[in-house]
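Here chain A shows up in two complexes: once beside chain B, once beside chain C.
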Partner chain A sequence: MSDVLAGKPDLRRRGPSLSYAVVNTALRFSPLLLLALGWEFLGLSGLVSQQMLPGLGEIFSAFSAMLFGGDLLYNTARSISRAATGLGAAIVIGVAAGLLMASFRTVRLLINPIVQIFYPMPKSALIPVVMIWLGLGDSSKILLIFLGCLLPVVVGTYNGARGVNPFLLWSASSLGASRFEVLREVVLRAAMPDILNGCRTALAFSFILMVSSEFVIATDGVGFMISSLGDGGQYPAMFAAIFFVAGIGFAADRLYAMLSRRLLRWREA
Partner chain B sequence: MMNMAQARPLADARKSPVQKAPAPRPARSISPQVVDIGVQVAVVVVLAGIWEFGARFGALNPFLLPPLSMVLVRIWEDLIAGTVPVDLGLTLYRALTGFAIGAVIGIPVGILMARSAVVRWFFDPLVSIGFPMPKIAFLPIFILWFDIYDTSKIIMVAFSCFFPIVAATYAGCSSLDKWPIWSARCFGAKERELLWEVYLPMAMPQILTGLQVALPVGMITTIVTEMLMGGRGVGGAMIMAGRFADSVGVFAGIVQIILLGFVVVKSVELIRRRILIWHPESRR
Partner chain C sequence: MSMIHTAAATRGRAHTASAISVSDVSHTYGARTAGGMLALDGINLEIGDGEFHCLLGPSGCGKSTLLYLIGGFIPVQAGVISTSAGPVTAPGPDRSIVFQNFALFPWKTVKDNVLYGLKKAGFAAAEREQRAQRYIDMVHLTGFENAYPSQLSGGMQQRAAIARTLAVDPGILLMDEPFGALDAQTRRVMQEELRTIWRDSRKTVVFVTHDVQEAVFLADRISIMSARPGRIQHVIDVDLPKDRGEEILENRAFIGLSEHIWRLVREQAVAATRGAH
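Then we have the complex of A and B:
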């Protein structure tokens, strides 16, 4: 499931020319156009009120007004900076913790029960807790995103590091590598596919937690923007902001997939 | 790494399958498994102790982390007052109903995507865009369309569970080994029989994995919807407690949610083991 696009040979065949690829992409995404047409039709036909389903043109003009004149970019930057800080800290600490858990029995025995208890907990339940701890500012949301993203990274790293081929470990140590060098040069690299998978889950979580914490407690950020537009009845702008956030989430995942393919170039597919 | 799938690396050599069935020998000492479990239970007990006594004796700020005993007493009081079962029940009802709707729609769509070019053409771009995007952002739309009561919550949960389930089902059904399908056809199986007897069982591990991904997502979504729209349910109760700076209430909610999440996730694992009892993965 790492790549939902896998397994469609007929649509993904590499064409000989650029125009072929363009036509292919257009064909591939034509259902979206169909949906857009259906959306417009429902709105125009009067079956659904314009309030509930604003026209796409209206949404688009609201979007460009927000983009050029409004505070969409500012709020997006605020949200992304929170998500990136929390996610970055979670990846650094999570990878370290996962590697240590896989290498040292003591560490595993100490950390494993905590992971076992907190892994199944829906992380959004921590929103009121970070609100009590750190108030309504940036730090509470960063902590929430950090906590939410930590466990997928830890578990992914741990599983990856435990699955390393022991021959690699033995030959590295017999060539004179110290325990730390083995960890850095062999285990970390061999576990990279699993680590990257864990980080991808964490990336998705960071977006979910970013948006939902901003819905509940915030004074700025895209989630706050969406909910205040909704409260103010500015529905075309609200739809525009929602589609924008969804698009960012999608783009982030695509970028991440490209990055991890690059990082894993050495692997025989 | 494929040929070494059996070998257990690093510090975990104890669990290697070679040693799993040892020749019976006199028990000289306590087995390492027992030590492991003992240490891990001890870690939990020590943490709970630090929580309780740290808060009680002022090392931790009792507002930021109220003593465990106070939290447990609060849960007990609420249990007697009858709010705990109502809140937990409502949360569980919304999460499971939304999840079930997502599964009932998602699994057939995933199967059809793997089997029919038209369905695949239509759903493939939707799923590839919908799978990675943060579904929770659509919550205000569902509130606008379906009001703030159970309907919009359940639809939101179903919407966020749908994508992981479809993606996993599709991936599971489109990478099937063709030999069993061919031999079933040779034996004269009809398409319907093929579906129930071959495709579904073969794709079942991946479908179940998709469900196991979707259920926690559904719980996260349920809690957020409850926090945002208020009303009964664990999320609503917690955010109310948070707004009134009632930290004992917040932590009472956290403890309940941890228990709920633990029970739900573990029962799904049990169900998976039961359904896949025939599968090689259960022999591990």
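Then we have the complex of A and C:
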């Protein structure tokens, strides 16, 4: 047997060195630096009015004022709690619906047409509707975010669950797993890459719907903040809030990607 | 060819009780539609307790279908398949299977794959660990307990799959061309290994293959199946020593039997290609 056993794999793969990683990251973000320089140049050259593109320094001082003295953090927390509630509910219900669709023909026949009709519809079109239904409180925004995030999760789960290698299901049942155990321990796990992709799309949708719904129906939240600062002509503060949301969205996506990689470590080997 | 016996000539073999009994089983794919395809036609087969039985035939002869029916993975349409536990209606750990494409859970390590069936079987934690380790050692994967399947070669993955299946101690071991995806050297090593494991555990094995030499090397008895629709054309006893190693490939009886079976299989393969026109 020794010939087939030659060479154990190195199970602890090592990444590139730290200095390499720093240089690499700096290079990757250099287009952002160019963009910032262009921004400053446009403002200073007078091609665009300073009102419309305030200098980055101005934006930064507005930002620190809002961060330490103002209500930026409070509004952000309000927004994120709405997005997280809507997204969380969408993930739980979406994964369950996707699994059921993949497992039962009747459920599939029932849900599939609904998914196909609603998938391409922009969910922001529902803002007036949920406002009529649920008023101006948190629930209207949470419902909107939930509806927007639901379909990518359902579709991702369904596609993943349908694509599971049938031999894995047979293996599990011949090892003594019940139907429910096969669903939970094999289908769910095997579909995980597609589920996580669906959730990533949903995460982006949750940010979009969080901000856009707060433009229209809210008395707090970052979306509300951006629109009221804009209305009040406080452009540096408005831009600061926009950049802050963008930064949080970026961080959430990176965090999510890291979490996915951890969960899917078995695929990288 | 005096060393060749048909089943009828050697009724007195040591297979006391039937472990698997297949009677009048037919199977049609797409039976509910007009263009249904008859895959198996009137299969009758008795496989003895502790027997190593090979289903041999050209591709498309329905040998895997027959195995999946015995495993309970696809429902029996016509006829009856039964084991000592009664008629087969669903998959179960008394008839565990090894597939050609290994079908290890890719998100579980080697050890967790082996542990999966042991947990289902309800072993206590300490005994689970012990058993898993014993079977991992048995298939020479010691040191690879924490490796994921994707980190292993094909041969190692298949050994892990065999360990996972053997660990639950099924009375009947079903194998669907388990070495088909391996390179020639690994396949030979695995065949010898499987013979040894079988000899020591005395399980009933049903082994599907299209490789004549593999069938003769491994089996006590070989069912040669016809091309579509699958029928059992010949059942042949393999009267070779129990202990079979590399040297048996030089054995005249082995060579003679292989040639005889090769001709029988070839007839079926030729018939299959004619039938396709």
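The rule is short, and it goes like this: the second predicted complex is superposed on the first by the 248 of 269 C-alpha atoms of A that agree within 3 Å, B and C clash if a C-alpha of one lies under 4 Å from a C-alpha of the other, contacts with A are read in each partner's own complex, and residues count from 1 in each chain.
The definition used in the following text is that a residue touches a chain if its C-beta (ideal position, glycine included) is under 8 Å from a C-beta of that chain, and two chains touch if they have at least 3 such contacts.
No experiment lies behind these values; they were computed from the predicted model shown.
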item	value
Touched partner set for A:102, first chain B, second chain C, both or neither	first
First (chain B), second (chain C), both or neither touched by A:68	neither
Which of chain B and chain C A:173 touches, first, second, both or neither	second
Touched partner set for A:247, first chain B, second chain C, both or neither	first
First (chain B), second (chain C), both or neither touched by A:132	first
Residue contacts with chain A in the superposition, chain B compared against chain C	B
Partner chain(s) touched by A:223 [first = chain B, second = chain C, both, neither]	first
First, second, both or neither for A:186, with chain B first and chain C second	second
Shared chain A contacts, counted only where both chain B and chain C touch the same residue	1, 4-5, 8, 11, 165, 167, 190
In the complex with chain B, residue positions of chain A that touch it	1, 4-8, 10-11, 28-32, 34-35, 51-52, 102-105, 108-110, 112-114, 116-129, 131-133, 161-167, 169, 187, 190, 204, 207-208, 210-212, 215-216, 222-223, 226-227, 230, 235, 238-239, 242, 245-247, 249-250, 252-254
Chain C - residues contacting chain A, complex	68, 71-73, 90-93, 95-97, 99, 101, 103-108, 116-117, 120-121, 140, 143-144, 146-148, 150-153, 155-156, 164-165, 168, 174, 185-186, 189, 193
Complex contacts: residues of chain A adjacent to chain C	1, 3-5, 8-9, 11, 165, 167-168, 170-177, 181, 185-186, 189-190, 192, 265-267, 269
In the complex, chain B residues that touch chain A	1, 4, 7-12, 36, 39-41, 43-44, 47, 63-64, 117, 120-129, 131-141, 143-145, 164, 167-168, 170-171, 174-175, 206, 209-210, 213, 216-217, 219-224, 227-228, 234-235, 238-239, 241-242, 245, 247, 250-251, 253-254, 257-258, 261-262, 264-266
